């Protein structure tokens, strides 16, 4: 029932999503939106894992579980990141990434 | 207990001893005792060496000591000396001893000064007694690095700049060297057998010629930088000018000899074919060194610069002679190393003493010093005459051996570079006499100088020990020459065994 | 063969004296130092006379010729398989003759100096240097091999340097000593190269081997190597350059006049009698090689000698400093000797020039030392060197006057004074060889007589000069040496040199060729007469003559501007256009390159600092682009 | 057929909302778009028959993380605030880089011949998943789940340390 | 699970327990008494370190997800020693008023990252590897933002967490492709089938950039300096030695085992990256005035040297890398320890503040000099040996020019290390920092570093042990 759609379609979607995420990371000025771009990236990776698992190696659930772990890690990462962002907000009164450049050169 | 180990242990103990001292008086006493013992050891070594040879021991290296250090890499702490190293060790002993006395009044941070100085000396000793490339390299770098501190803290003038320049250029040299050493190591044994850093072992194998061609320039230039090879000599004038007296003495006196010694012991000995092939390039560079340094010295006005450029010239002659690759020239090279070491140490000692009195090193500001400080004046003249190759002093013996040796090559190229190099004896005379004339002779320019006092006892010890050594070699060169010749024979045999038709 | 080992003492005693005085002299009373020095040399002199006696008469078998004997030899430095430097003592006619000359003159000078240098603060230093010089010079003449000679050659040079610069507080003395050393050093470079070439080609340094007519040196003659001359010729020419430097031959002569800055006894000893003839001795020492192996080189010797002699004679006519006149006279006379060697052949009568040269060397040593010491006595009395500051001194300095006159007559070649004999032999030798050189020498003979008497009249006759202090005769310690030397000047001509000092050691018959001698004497007399007319009384004639030959006079007075040329070469070319640019190049190109590398590193460190902008998104951008570039390179390009 | 439609639908949604997430000027909207992306992804998982994953995606990702993000947006921004957009240069360069990256990556990936699964699709039920999760044999995931607990604990503590307000230091 | 498995996993288990114990004690302590945690934790960790050295058997657990060998144990022990020194050095800082309430958090976060590193090194599959990596990173971000009243600290935190998230995203994408290409996340399976196809190279590059981020290789290093500068000094030293060391360990293991088949490709990559890293790192370090930032760039340059060992690709290479990391830990901690001691006591972190320090605090200066010389690779201190062996291993693979570039870079690095030496010993200062005396713990930490710096080089035994455990690229 999945044969009608080739694996590559999923890969195209995930790859685009991955790079859209990267684009977001590189251009969004708001730290939280940058974090959201990261979530996009992780999500694209998850699609990869799941699609590979489903299409190529359905006997084992390696991609499947990998995806689960990635989600958990993403959550942890998001938690810490958001805590730091809030801290930034307190310190800088802004969460514009452009302002966070006190240290350079 | 192998006597060679003592050459490391005694300085280390001395350093420990100095650490326990409190002030200048104690630390200089400890240093003087330590280095005095070391000097005696050096002479004992010479004696033992000659006795062994006299007893018919024909091994290339004597007093071998070998302890495995890093078994998996076959790195050994391997010691051994032949006549050449023995001679160099004796030189080091004298110069270091004189250096300690030349810094008898080192008021500022004396402990640190003597410790650094002796670490430097340790490096030099270690280098000369090592026959393992790894330990050799280790000691080499160990000897170079205290220079920074010594010049940086106790120097004069633009000391930070000079110290940094000196250190970095020498370290860049050791960068080249390291590549060379590693290359040698990985071709030190036929496939299958364990690699080795031991020079004597490596000399038994034949490093592939392609590798030799690649590695020889690295190794030679690497050592050459320390030996003030043109155009990598510019650390020398600045470094020497800024360094405190004893450091200039040690540096020009013994440290620069590491370059020549290494160039010959490692670069040429282990890679004779490439050496034969590429010698012409370096012969051109070294003959430039010789003349160029001498010409540069003519117009300098700072005593130390004059001597530094003169060192460029003289050390250029060392490398020049080494590259001639025959027994006589190489013998001359080694005598020249020793001779230059003693002379230049003497010069720097005197310059330091004069500077300590007049507070200037510019010859234009001085004059007629012979009248007020006759002892130093006379010794300065002696040093000058020795430097310009007057018979009776070591410089003559060295230069003549070199020129006769270099002249054994029949082709035009070698002849021309020999004559070019020989012409330095005239230029040397010019700058030496210029200095002597302005500095010591003529009327006294500054009435303030009339109050100067002549050399103190420790200064006399420092200078007289060097003068004695210079004249000893100059008047009775045969023992030194024979000692070196004996040890050179196998080396030259190896070098000349490969006949390469080079460019010339 | 007799044992000559003891001759080792002849140089070693002065060495010992040198060390003794040099190390402890400052604690001695001046007179003690002087006595020690003189005694030491006295012993050496006695040993030399004994040696001469033993060699020439005592142990000599009549008619057998004089062999060259190695009295002593040790190996000093092993160089190559073939070449080893030895130190030793070589006894042969010329070395024995030189021993006598050196020790005699040196002893005279020592004694004389006790008076002359009285009150000088560096008294002991002076004597120690004199001893050092004597040691070096004796070592030089006794050398068994060319390298030993070179060693002592250098030592002689340095003793000369030390003695010229004896008054080291006087800038002119310092400059003169420097000049002397450097010019001779430059020539020594030629000597060294010559030695290198010669020794490489022959495989030996040893004089006996080298001069052996069947030895390797002469065998290696022939075959053009470079510019049509053989290697042997070239090496001998180079060696001669060394000799020319030491002997102040043109164009290396410039140091000699300046060297007169030294104390006058030094000028007498070093720059008249002994050291400056070392070049002659060198050529004489290697004479068989020159004569048999490289006649072309010998030709060079002859012409350099001939040219120098007339060149110096012309200059000498115009100088006003009495010591400089003598210096140029020395140069001229040495030119004679060189020429004589140059025109000589080897063996028997052919070797007349060789004998004459040595003969002249011997007589010249006597009369020139006498002249200098006399001049010293004059200077001592009037405290000036300038001829203008003297005059009419014959009454004040009677002994000096007489001895000086004897010397002048001698040098003018008037029989039966010694120089007549030696000069005559030279003229004969030149006559048989090269007529042009012969003609030159005639002219020089006349000039010599002229300028010597110009000097003589200028000092002892001429105008009545007012002196601050009335000049008075020197003490006995100074005049006795004058008398002894005057004796030598008068009678040395009767020594049968042709029986003693010959090119091949075998005596030959020689008699005076009156056809050549008489004109030469006449020319000498002519010179004297002219000088008498011009200078005996104060008159305007000299100025007139000078005015007539204005340009020649000016040129000669300025020594043909050779000093200026040298100054130009050293100051302008070497200093300004070689050394300074090199030093500049070193600082501003080579060093700047090294600093530039450091600078570039620093600069690039600043140039790339924008990379670390502190902007997180830029970091991300670099990160991503880095990854993409890696992909591009390693997936698609490689 | 239905699957295909669902795939294209979800695929289109994912891409559209992804783009919107990174381009919209309103921050809160971006979060909502992100939510849509995540939900669409869950839809994809459904269509792949990985229902458990889809559920986790919805609950943890969409439900947990996005809510967290939205709260933090509310904490740090005003609703009316428009996001400042990056300068044009930055956008262009980033777009170029990402486009290049996407092209290269896609070209590479699509050229790769994945070995398709030839075996029978095993029926995936929740028991297997559960068994795998606690198994400590090959293809068992007990260890990761233990470790992730440490991670979560650490993250929690970390977040607290960073975010908690400090008491005023005693004078 | 049986007892021997517990013994096998003792590093991870013990440390988890310690972390929990710390947490529990902390919860039961009054605010006033929180500083008691410090000695307790220190002693616990000391015991942990010692226990780590007990012999253990190589074994594989969890179906291959976790495996341990003598080499891995050694790596963990090396990290432990480093952490112990850091803990000692952070005591003074922790006792400060502003940190009093967060002491236990510091320890717990630190320990959890260390646990992450253990798992990362011990991992037998990409899942555990990734998990370990994240566990080793995320808490550090929190630690970096530890001083939350300081803007710099917050900035460091956000820069670290966001860029690490980006990098781990890219790394994950790589892993997903690896999974897609090979069908497994287990190392042992992957290494057998990994092939040199474009996509697998691409996957490797993605993966590698993620690792490069951790080790801070140019151009993936840009976060390093800012984070190092902003983070509390002890966190910085942790980041620069432990974090980096662990990443280097796992990188070389993966390179030699999993990606062995594409060694020809990655050697080129490594070559390029190594040159870039050494050069750029050095160039940046040249200009730095802030000591932390300075050490950050120096540690970037040092990372470039590590690649030389990987390039060597043989036993010598791995030995050299591990040995170098060990030496580097001691040297860098020596330097950081001094910076930390000074910074904690006086708050000064600029190089200018070090002017004339020798006149007031000679011992500290000597240690600093030794540490810097060690970093620069000057004999007779250990750094010389470390660098020499790295160069030797690269040379053994024939990379002579790379060695040359590397040694030249070492020379450049010597320049800026000497700048610090110059500041301390040579520069004159009217008012150098006053004499200060650190507390016992800091001093112990410094002494251990100094000992390590001195002894490691001469004591060839250590090198030999590492050598006996190492392996080369598996063919």
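Think of it as A, B, C, D and E in the order they're written, each chain with its own count starting at 1.
In the analysis below, a residue touches a chain if its C-beta (ideal position, glycine included) is under 8 Å from a C-beta of that chain, and two chains touch if they have at least 3 such contacts.
Not measured: the values here are computed from a predicted model.
Graph distance from chain B to chain E, where chains that touch are one step apart, equals 1.
Shared contact partners of chain C and chain D comprise A, E. When the partners of chain B are compared with those of chain D, the chains appearing in both lists are C, E. Of all chains, the one whose Cα centroid sits at the greatest distance from that of chain D is C.
Centrality annotation: B (chain centre taken as mean Cα position, compared with the mean over all protein Cα atoms).
Chains A-D form the pair with the most C-beta pairs in contact. Taking the CA centroid of chain E as reference, the farthest chain centroid is that of C. Chain A and chain B have centres, each the mean of its CA atoms, that are 64 Å apart. Centre-to-centre separation of chain D and chain E, using mean CA positions: 30 Å. Distance between chain A and chain C, defined via averaged C-alpha coordinates, is recorded as 96 Å.
Rounded to whole angstrom units, the spacing between the C-alpha centres of chain C and chain E is 77. Residues of chain B in contact with at least two other chains: 168.
Residue numbers of chain E whose C-beta contacts span two or more other chains: 127, 131, 134, 138-139, 141-142, 145, 148-149, 157-159, 162, 166, 170, 177, 180, 183, 198, 202, 225-226, 287.
Shared contact sites, meaning residues of chain C that touch two or more other chains, fall at 609, 612, 614, 616-617, 620-621, 624-625, 627, 631, 635-636. Every pair of chains meeting the contact definition is listed here: A-C, A-D, A-E, B-C, B-E, C-D, C-E, D-E. The touching residues of chain B, counted against chain C in their complex, run 165, 168-169, 230-235, 237-238, 292, 295-296, 298-300, 309, 327-328, 368, 370-371, 385, 388-392, 396-397, 400-401, 403-405, 407-408, 418-419, 422-423, 425-426, 429-430, 433-434, 437, 440-443, 477-478, 481-482, 485. Within the complex formed with chain A, the chain D residues making contact are 1, 3-4, 7, 11, 14-15, 18-19, 21-22, 27, 30-31, 34, 37-38, 41, 44-45, 47-50, 53, 56-57, 60-61, 64-65, 68-69, 72-73, 75-77, 83-86, 90-91, 94-95, 97-99, 101-102, 105-106, 109-110, 114-117, 119, 121-122, 124, 128-129, 132-133, 139, 141, 144, 148, 151-152, 154-156, 158-160, 162-163. Chain contact summary for the complex, chain A toward chain C: residues 22, 25-27, 34, 97-98, 100-105. Chain contact summary for the complex, chain C toward chain D: residues 617, 621, 624-625, 627-628, 631-632, 635-636.
Those residues of chain C that touch chain B in the shared complex are 75-80, 83, 85, 147, 150-152, 154-155, 158, 161, 165, 168-171, 174-175, 177-178, 181-182, 185-186, 188-189, 192-193, 196-197, 199-200, 574-575, 578-580, 582-583, 586, 590-591, 593-595, 598.
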